[in-house]
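What follows is a group of structures, each given as structure tokens.
Look for subunit A in each of the two complexes below; its partner is subunit B in the first and subunit C in the second.
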Partner chain A sequence: MTEGVKSYYGREQRQMKDSALKMRDIKKKFRGFTLDIPQLEIPKGFSTALIGENGAGKTTLLNLLAGIRLDYKGEITFFEKWKDAERERETNPVREMIGYTGGGNYYLPNWTVGQAEEVTKLLFEKFDSDKFELLLEQLQIVERGIGGKAKKISELSDGNKMKLMLAGIFARETQLLILDEPASPLDPLMRDVLCDMLRGYIESGGGEKTILFSTHNIADMENVTDYAVIMEHGRVVERGFVEDLKEKYTLVKGESEDAEIAEPALVSISKNHYGFEGLCLTENLNQLAGLDMQTERPTLSQICVAVMRQNSRIRLS
Partner chain B sequence: MKAIKSYLCFVPFLYRILVLVLMPVVSCGVEYGLMLDYVMPMYLLLMLVVIAEVLADYWTFGGICAREFHGAEYLKSSVKGRGVLKAALFVDCIRKAIWLILLAGVNVLCWQQKTGEPVTNHVVRVMVGMVCSAYIAILIGNCVGRYVQNYGILLFVANLAGIVYIGISFVFLGVPFLVCMLGVAVGFGLTYFSVWNVMRKMEEGYYDGES
Partner chain C sequence: MKLLQNSGIPIYQQIAEAFRADIMSGKLKTGDYLPSIRGLAKELKISVITTMKAYELLEEEGLVTAMQGKGFYVNAQDSEMIREQHMRRVEDSLQDAIKSARIAGIGGEELMQMLKLLLDMEES
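For the complex of A and B:
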């Protein structure tokens, strides 16, 4: 490990005082795919984005953490206190402390909005019906009154289904939100509202509330991402606080004739007739000395795309 | 009480009106209107009830065992999810049993009031046989129907359940009372099986056999 990388991870350790989730030697095989995470911690009090290509293992990992899938090897520690085996006991508070939103198989097919509310009351003790109804109205999920709640969930649009799931978890008292692609079905305005809701959730927790969400909409969700975990082929290929990652990497832009010289020092590169653009480890910038280049601080989206491109099996000639 | 609450969570408003209120009222009215014989009207009415109950199950637990709905992720995200679903399924079975018994009771009362004839052991045996047949046919229909998401196919399953009811009730009509009790035992067994089968599918959702 180079000095630069050592100091980088040292800084990460200092910032991550407590973890909401700690994973050790997680292994899960599923339809020819293997999730393999030797060690991963999700910092408490922050919002963490889980980023990766389709099929990278994000949903599988979130399912393990939410307790939707129980057949895996390894150990998960919740809130520095409870192991995953303890989570299944009815007296254990872990599942009560977690709010989870998932994919298409979330609610039973014939449920109405009203039934979803009734079931939530039974399933979770700290559920605020008034807050739920307020969210139904604020997010314009259904019209107010009995008729609105009688609407079948299967008749709601994908965006409204997601809003309903979000209303369900935001009406509960939780310590950790696990959200599987919450932004994907939402329109741009609602994505903005979602970011506000997530930020408000973190701020209301006084360092105790944590969010872990997967997303493909990195640019839209960047302002609500404190920590990022990038996955490829079931493995974590990069992680860190966003500000640290932006220091770790530098965006370089140069003339097209310098592209071949610069390429070996770059994490990823994209070239055209006018020039090249690539991401370089900041500690390797000296390898590009003498080239006519511009350097910029990268966005999270640029970092993610570069890291994913470096590890992807997708090859475009 | 909690079990009933769990059940009601799975029962939409329209189901409550149609199946829990309207169907019993109409059935009792029909029984009262046609009651000159205690067997045939009840026999035909129960066949309709079997078909209606299998079809109505679509609104409550429809497709819950189907591959696409392995998920039920919301229930699985709570440690109470298994208990809520199990309680709801048991209450559903008990509700159906009570409803069939009440229907038979009302049938006999109406018949007695109209004809003035005494309720003999034979009458009771016939009623027990018919109620058991209907209950068994409904649960068989439910067990199959919960794998079906297409209403057209469910209609076919419901009609098959009606035919199953006719077949079983023919057997029970001519057997001694003790053999009739076998039907009660089968009813209990099927109650357990129908709940176990759904819970098994839910458990399978947690485990895919690979780890």
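For the complex of A and C:
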């Protein structure tokens, strides 16, 4: 056992102080799929990643939270104050406080960039046109000037459409960003810029601003993920602050002749001719005592893959 | 601050070590505030929780104190504690030397001689 593992063995998990979102008994049924979340909280002042396979229910959940779907059972509390049932009331500030981006045609394809700006301005009180123009230029979405804004949404690449949506929410004054796969259509450089923008947003809030995003590319987003929620088949299968998860699990590598003995103690295992690699609950490491193996602190990607593999129905053989 | 992603040393420990060194050397003085958690995360391009963990580690070691709403400030360092910190570093380095010696098949006796030789060279 390494030093690192020993010193954190059995340490308590960090408590969540305030939540930006609190979900209770959320249920949404589709044919052959049920989103079922008895209890989930998203910590305020942090950036949370929602991770899971295609069809795990990430988009459905984000749509409920963003108010795009209202046909579900259960209760959502925003900023420990406002209930989702009151969301549509005039006096409810929640809609103004949330910035959302997602797939599909959020902006209608036959609109121009300028019209998208006008609509956003109409819909939200705290929209800063100067900031929007600056972002259009900084993110190289369209050419400068009136000509650029006359460009139709349908003429933009997927990457530029996402950048336009991001400009639309970063030009507003918000308290919570809900981003459905923001990194997917972006190139590696723009993903890096996105991560900087997200960290800047969290920093500008001084503990008051929160981000919830879903992603397939957890490795790209690991340095902007504070809290992780892993979903499978409509359920949350793991959650926690990333630094706690990295202590809860330990990566073990050993010789192939020991793989059979080690397997029952591991969350998941991959074997080859030269040895095995698996993820072990740190508290179960003693079950592997005596085996010739190395331990390592896992990355968030490694934890996600192992937990997803444990719950997945995908099988290669 | 130089952070290595693939050194095997967790990032939060690297951050804590950098501030520990600054506190021990006097670069950060009693009462000085550490950078804000979210500000440092942004500067270093790492997550907030990693920075937070580094600061919590320093707090556990008694080097800094958290002030609600104001951040972390550097405690008065008594000489005993600083000596303890230095001792810990020396022990860590010696542990490394022992590990390397074991891999190379160098025995305890030979290792001691080596250390003595190096000390003599330093003194002369």
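Throughout what follows, the second predicted complex is superposed on the first by the 301 of 317 C-alpha atoms of A that agree within 3 Å, B and C clash if a C-alpha of one lies under 4 Å from a C-alpha of the other, contacts with A are read in each partner's own complex, and residues count from 1 in each chain.
In this text, contacts are C-beta pairs under 8 Å (C-beta built on N, C-alpha and C of every residue); 3 or more make two chains touch, one makes a residue touch a chain.
These numbers were taken from a predicted model, which means no experiment stands behind them.
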- Task: After aligning the two structures on subunit A, examine subunit B and subunit C and state clash or fit.
- Result: fit
- Query: Looking at subunit A, does subunit C or subunit B touch more of its residues?
  - Reply: B
- Query: Once the two structures are placed together by chain A, how many degrees is the angle at subunit A between subunit B and subunit C, based on Cα centres and rounded to a multiple of 10?
  - Reply: 150
- Query: Is A:242 in contact with subunit B, with subunit C, with both, or with neither (first, second, both, neither)?
  - Reply: second
- Query: Should A:290 be classified as contacting the first partner (subunit B), the second (subunit C), both, or neither?
  - Reply: neither
- Message: Just to be sure I read the superposition right, which of the two partners does A:72 touch: subunit B = first, subunit C = second, or both, or neither?
- Response: first
- Query: Is A:226 in contact with subunit B, with subunit C, with both, or with neither (first, second, both, neither)?
  - Reply: second
- Of the partners subunit B and subunit C, which touch A:46 in the superposed model: first, second, both, neither? second
- Task: Check the superposed model and tell me the shortest C-alpha distance between subunit B and subunit C, rounded to whole Å.
- Result: 28
- Note on the structure: The shared contact residues of subunit A with subunit B and subunit C are none
- Of all residues in subunit C, those that touch subunit A in their complex: 8, 10, 12, 36, 38-39, 41-42, 45-50, 52-53
- Touching subunit C in the complex: which residues of subunit A? 4, 45-47, 195-196, 199-200, 202-203, 205-207, 222-227, 241-243, 246, 296-297
- Message: Touching residues of subunit A toward subunit B in the complex: what are they?
- Response: 27-31, 66-73, 87-90, 92, 95-96, 98, 100, 102-112, 114-116, 118-119, 122-124, 146, 150, 168
- Message: If we count contacts the way the header does, which residues on subunit B are in touch with subunit A in the complex?
- Response: 2, 5-6, 8-10, 12-14, 58-64, 68-81, 83-84, 149, 205-211
